[in-house]
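If you scroll down you'll find the structure; I have some questions about it.
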Amino acid sequence: MIEMKRLDLDDARVLIEAAAAKAGDIEVPMCIAVADESGNLITFDRMDGAKISSISIAIDKAFTAAAARNRTEFYNQLCVPGEPTFGIHSTNDGRFSVIGGGVPVVFDDVVVGGVGVSAGTAEQDVVCAEAAVSHFYATSGAAAPGDG
Amino acid sequence: MIEMKRLDLDDARVLIEAAAAKAGDIEVPMCIAVADESGNLITFDRMDGAKISSISIAIDKAFTAAAARNRTEFYNQLCVPGEPTFGIHSTNDGRFSVIGGGVPVVFDDVVVGGVGVSAGTAEQDVVCAEAAVSHFYATSGAAAPGDG
Amino acid sequence: MIEMKRLDLDDARVLIEAAAAKAGDIEVPMCIAVADESGNLITFDRMDGAKISSISIAIDKAFTAAAARNRTEFYNQLCVPGEPTFGIHSTNDGRFSVIGGGVPVVFDDVVVGGVGVSAGTAEQDVVCAEAAVSHFYATSGAAAPGDG
Amino acid sequence: MIEMKRLDLDDARVLIEAAAAKAGDIEVPMCIAVADESGNLITFDRMDGAKISSISIAIDKAFTAAAARNRTEFYNQLCVPGEPTFGIHSTNDGRFSVIGGGVPVVFDDVVVGGVGVSAGTAEQDVVCAEAAVSHFYATSGAAAPGDG
């Protein structure tokens, strides 16, 4: 039997609120999603004014970060024609996101979920997703990945 | 040009919290979604322990309540084999829900969004969705539909 | 080689306008679609106030009426559990409509297209679709099906 | 509660007619779609002779221009392998168009809908979509985006 850890709803709301705070700072209303370690949605907020087309993109980024256990922009550079991983963006019914803004959430060296942010540029989306996980690591007592 | 009203995120979170409070009372962890008047998702919470299969059902109920401007159980009795509306459950890419638990949110006699709840029995889902809109009408200053 | 006839855009707009006029008479804003003999969309109008969930239903009814060459309510009574045709509503990626409101357009005894109407009750949808084809037969010089 | 504006059907038909007039000038029969600010279809015309494969492309361009609030060709240059936004073309169930011919419609500095044109080259599609919005700005009293 496998024992696992997964974000709970309170954890996930902390991540949403932290991403939204950063989105407020940079003045870009965002769609923000948090998925569990299986990629299934825990919580989602569309900030007032965020783009309709970003609803599913944010959810897809959270799915990808959690289920593939990598930041979505990791796949951006792999998903280039001629490279071995090209085409991964159209897998999983098109839900595999290779656009920055999806970041895994790690606890005790294990991926326990993912955050996905969309509606700005890819760079703005990344900034907000990173702010979310940084805040989570700072407040949850979890060590950030790579901490000594 | 058409002028319209739509729930904002604060409104939608009030609805989520009220549905979750009722779900806590009846001890059934729920998936709860709120859509805008066009059926697009504004916010979503999966309470700890709620069923994975209810994620999309809750979102679909919120979509249907808002976009079709009726409670989802209204279609349940119309969508019976031999009745004229049978088959509506497989329209809109299967997103048209005819299972109780989707309730429109009305403001100034206009549908401004929808709440969808899933994970319990249809009856339990309805109770939580109704609790959400009742609380919203009581606290937002909006008149409930049919109020004199 | 097969020679065929198909509604042109002017024909299709006549059908839309006639359906919309009847929808105005009965005071139900409708989604109205016209498809060609292959089921592909020629033209579509969502009247101000018509339901969002009816957009795809109207298009599906026009598709079905043209491509299956029958009124959609013809299938309503056939699509009953235990009857040989049950299940047809979920074919064609769920686009096969068995809800009244889709009516074929016939010219020289051949189906040249279909009208689909949605947003009211099935009965209201049928009334508007019938008004469209009746007006078309009266003004286009085409004999209505069954005319002596 | 959010207050919003959205194109009505009369506005949308003005856009269709203007795009069709330009398509007539350049002698390329087009599929032309107009979506509301949420990306949902308001009206659609397939001009006689326009390609069947362009039906859904025009609808997708209108969706994208409205829902993502940018011209579709804006994404064309961003959606290049190795660039951060590559992959956006397969999001939203493949409905996110990165091919020129989708143009947002702006009113009082807010996106109130989108026009999508398809069946010619991307350049021809853009010319017709631009003609539509230019005519709309000239006749509706709306200031074009960027007007002083």
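By written order: A, B, C and D. Residues from 1 in each chain.
Methods note: a residue touches a chain if its C-beta (ideal position, glycine included) is under 8 Å from a C-beta of that chain, and two chains touch if they have at least 3 such contacts.
Worth saying up front: this structure is predicted, and the values here are computed from it rather than measured.
Novice: Is the C-beta contact count larger for A-D or for C-D?
Specialist: Between the chain pairs A-D and C-D, A-D carries more contacts.
Novice: For A-B, find its twin among B-C, C-D or B-D: the pair where over half of the contact pairs carry the same residue numbers.
Specialist: Match found for A-B within B-C, C-D or B-D: C-D.
Novice: Per the centroid of Cα atoms for each chain, what is the distance between subunit A and subunit D, given in Å?
Specialist: Chain centroid spacing, subunit A to subunit D, equals 30 Å.
Novice: Centre to centre, by mean C-alpha position, how many angstrom separate subunit C and subunit D?
Specialist: Taking the average C-alpha coordinate of subunit C and of subunit D, the gap between them is 27 Å.
Novice: Which positions in subunit C touch two or more other chains at once?
Specialist: Residues 48, 52 of subunit C each touch two or more of the other chains.
Novice: What does subunit A use to touch subunit D in their complex?
Specialist: Touching subunit D from subunit A are residues 48, 51-54, 56-57, 60, 73, 76-77, 79-81, 86, 89-90, 94, 97-100, 121-123.
Novice: Under the definition above, what is the set of subunit A residues touching subunit B in their complex?
Specialist: Per the stated touch rule, the residues are 8-9, 13, 38, 40-48, 52, 55.
Novice: Residues of subunit D touching subunit B in their complex?
Specialist: Checking each residue of subunit D against subunit B gives 1-8, 11, 36, 38, 40, 107, 112.
Novice: In their shared complex, at which residues does subunit B touch subunit C?
Specialist: Checking each residue of subunit B against subunit C gives 2, 38-39, 63-64, 66-69, 81-82, 84-88, 90-94, 96.
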